[in-house]
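Remarks on the structure that follows.
Chain naming follows the written order as A, B, C and D, and within any one chain the residues start at number 1.
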């Protein structure tokens, strides 16, 4: 593993602020790390924790959630719900051994193309530092790696 | 063919509660005997695996299979009974979603074995551990090999129906037995393959008599710390993490009715992808603050979120196991 | 609550001894416990930071490190001297801001087997402690000899309210805390707009003319507004205005006789201590006249013109503080 | 997962755009096309094409042709941001008979070719994004836009010039308007001004006719001394509750003769209309031309309400219109659209203690000066010091007070430069005093504004470029005795200067209304972090908001001068009339729905909706969503513990499939 690890990150944006921030970054030709692949939602409040879990279970190394700044939500206050869910989800994922650092909540207004790209670059580095997650694809593939693990520590000689 | 249809029941990694639940159907058990020939039921009658192997494939009409896939013996029996049965029912929480044994998926196998063989509750001064093989004059003895993570029945073999609950409610079992008998007598149709039987489609709240309001939670507390618990008000609204809102109905809200929070043994509601995620989002959504610090403070009230939200469903959740359980060492 | 880690600083033992003496009296009355930092050293005053950064910060941080070691539960360091206060709070803040600086300073401290984690202590000025911890109500309740009739000019100098890292003061330009405190003592506090102007600092040594002009401005304004006495919270201010007043007079051919004392000295008097006990007599410009005012019936202050039915001229807009007071009143009313 | 085995249920066409070379320069467009063709057949991709400009009519025809000939049931276009061309391609598909919501656009320009450089990496990312959208679109459903009827009445909140303009436009268009104003009279800030820049025509002279027209218009119901207390409903169908505060004056009987005002024995400082510079009676109309001209009784200050005696007004009223027992009135009105023209608050200069406002007598706020220079103001137009007599000989005017200052407001208040120039002119005209203007930058962008600036220069006003540090009354030299000294760094000379003056006029900035946030909540719109209301689009849609049917005009969305406010009032009115004339309005069908069999009535979702679209049906023990109120944010969907709520356009199935797609090995 000499070449540097390129994390795969799924990003969820709201339709009104952060997705437009990405548009703005594009229009302004701001260059940033290509590791994040965005999925557009109407609002960060739409973000169902299942989406984040699904992303990790399907091979993502990190997940970025982005929405309008607190107080600026186009649906008045829904980004606060996103904030609450994000905080509880991180605690829950920690129980699975998924570092809280693999999920990031970013506020970016439609005008903040630059901020969004900076946040993305920073997050990519943070996840790179955490290393690959590669969660097992349980179906089929799982059997293989289980057999590797199988004849297990039970064969310990009595002390 | 006047012979009675054959019935089997087997337990893999489970506590035996499911069997007791079946016996709790009281007289109904006589109908089973009247309508079926019980060919294999380790807890109730003597029969050897060889007898089952000897049976014709598909010769058993109905097998109620409880318990999770903890080791290769469990898996072997799952494959065997799948071959031999027309209708294989994942019976009870362990077989459908892993249940309590599934919680071991959060830690490495070694830890589980240590817990079993070296904690204070175990009298094992010489720290003796089981060995997979052991030589005796008669030859080599082997014991089953543990899987690194516990699997549900459906993760190993094709399952026809799922019957949740830890254990399934006896009334529900009776109803299912009735149904199968009716089907045998040609009086009824089986539900589509893969459906959940012996349970509702909504969640526990649907059957819960407690009054409920718009929810706003400013503190989570353990039920014993809420004194007195309002007997008529939604338990979650009183700050006690009750899994009822996300848990499949069918138990007639047994626990909330008697003043205990639902712990989720009936698993996710129809069509839900990840049970725990539903609780995460539901609880978080009604936290009464927009201030990160304050929110964190409130969330401190749930000391073990993973355990709280995946108590029964872990092995069947999208992530299925904690990193430490499957990650290769070094 | 009333326990503080106490950093006196050099002036409290020298030029500002009156400050020290009066503080000792006042703290007793108010039941404050001051735990002096053992083996504290000079804070570097106002120049050192400007000349060589790391050594200067290290010098300051040593005190913080010691303080942190010597804390018994309590985490608040109190400094009566403005310069000391500002240096300590600045070091703490900047070490936290810049990891580099923090690292270098701790390297230096390590040589002496010391270490300081920025942010682990709260550093506050005496005035802030009186206002926000002790509280005006308590102070009022201890007043036995109100300073009725004494016209006082409240002067903070520049270092306490700026930059005010802890946001303890009501304003950067016109903070009213000292006014409120002196009013609580019964004194007749004049509107003194130069509260936070510079006293000249060390200009008195390196560029006297500049300093004289600044001193003249401060003193003359107090004089023009019929102040009997000027009150300060800072040893350096006190020193400059008091010690250099004669020079200033001879430089401008004026004859100001404005006594400059520490606020704690007046607190002492109001609490019933005798003048000597709280360091009176140490000031160079005598405070005799001013003291004479207290107790003896003072001439009624220029009474404001009787309110005529027909309002005179145009009404004034309310100031920030009148508004604040009004708002607080409203809340009080509301709560009733 | 295992859908490769099943035969795909949809026929999908994928179209990759070169956008000239905007995309193809960085993304291997053909590569993407071939990859999709090869790897996504199992998902139903039957055709993948690339084209130079998909958005061109030829590009669109390409899609339409395939839909017709290959019977495509889904379309994916990989090109620019959906915010640019989603509509274009959906319309194209619709023309070919495919429901528009079965077409999806993937942004491989804004999100890839414009922001990445490595061709291989960019192409790989393009493949995964397209794969995601292909898997997503399979789960798209055909949707129909919702249609709701429009109530032809309109509510305009705020009786300033913007609100008046909006109301008149709509009323003249033949539709009814309720014009609600918090103060006793229409007019707003403009009524307080003396002259208006740059033409210097008298503010009252141009405003009064409009106020009168609004006040007498058959299609306008003017409700002054009134506030909106509740709003419910949605575009086309709002029901609004308005509190008409008690005037203690019976409007049927009152003739507006003004005798009560004359006879009232008590005077109080008028800190609203006279900006605290003058006095008014306790029963009063804010100014002579007030519309309506019924007086208002200031109950908290009224001697009768304090002591139970006096009643002078009642005694002398010729028509017995005074009614001390009058109660607040609650009115309910039904409207289809709402225009908020709630204006601004003046920055409170006393917060800038270094300028001494409130401490130094002769420091005036801009509104104080407006009133002073107004011939109907407290000084009858005489410009004098606080003593009420002395004329100033030198006057300093300070720009950007509370604006362009990170301690207070970052924004430029837009009107202050011109306002200050106007002040300079008025001071010279009335007093011939020497006038200094202290500015950071001079901003005179609009029509004939800069000419006005030149004129003021020619009039001999002295311009000093620099932000004033302090205004002090402490002299340093004899010349400064008894003066206000303005301490400033003259950035053109590069020197600190101290300029003694007799009077200082602060050009206060404009701030959002103190209660903007609450009002926003009331109407279901939001403020940006600086407190102004957010427009749907700052450039292309400045008078509408994210909430359908709620429009904004004038300073509610940011500082504006009179012409800009008037144009916005008119623009908002035009938008409203366009909606009214359509008779019904189409709403995006992105909506949440609840499966009542699955819903257990746990009520977790009940407070998720800021648009109160979610209602709990007590007797059935289930929750429902009102599709017309629903704005489609999806927060309730994500909240439902039973998975009983689903959302069109962004369903779980769509998003989960998209995740599978973008994480496909490429």
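Points to keep in mind about this one:
The rule we apply is simple: a residue touches a chain if its C-beta (ideal position, glycine included) is under 8 Å from a C-beta of that chain, and two chains touch if they have at least 3 such contacts.
Just so we're clear, the structure is a prediction, and the values are computed from it rather than from any experiment.
Averaging Cα atoms per chain gives one point for each, and the point farthest from that of subunit B is the centre of C.
The distance from the centre of subunit A to the centre of subunit C, with each centre set as the mean of the Cα atoms, comes to 52 Å. Subunit A and subunit D have CA centres that are 34 Å apart. Rounded to whole angstrom units, the spacing between the C-alpha centres of subunit B and subunit C is 70. Taking each chain's centre as the average of its CA atoms, subunit A and subunit B sit 31 Å apart. Within subunit A, contacts with two or more other chains are made by residues 48-50, 54, 77, 81, 85. In subunit C, no residue reaches two or more other chains under the touch definition. Residue positions 608, 635, 638-639, 652, 656 of subunit D are each in touch with at least two other chains. If you sketch which chains touch which, the pattern fits none of the simple shapes: not an open path, not a single ring, not a star, and not all-to-all. All chain pairs that touch, listed by label, are A-B, A-D, B-D, C-D.
Of all residues in subunit C, those touching subunit D in their complex are 171-174, 191, 193-194, 213, 217, 221, 311-320, 322-323.
Against subunit A, the residues of subunit D that register as touching in their complex are 1, 81-83, 107, 109-112, 114-118, 121-122, 125, 128-129, 132, 521, 524-529, 534, 546, 590, 608, 610-611, 631-635, 637-639, 647, 649-650, 652, 655-656, 658-660, 662-663.
Across the complex, subunit A is touched by residues 106, 109-110, 113, 126-133, 143, 145-149, 155, 273-274, 276-278, 280-281, 283-285, 287, 289-290, 292, 295-296, 299, 302, 304-307, 309-310, 317-324, 326-328 of subunit B.
For subunit D in complex with subunit C, the residues that touch the partner chain are 267, 269, 276-279, 350-351, 353-354, 356-359, 361, 365, 368, 378-379, 384, 386-389, 470, 472-474, 476.
The part of subunit A that touches subunit B in the complex is made up of residues 48-50, 53-54, 56-57, 70, 77, 80-81, 83-85, 87-89, 91-92, 94-98, 133, 135-136, 138, 145-146, 148-159.
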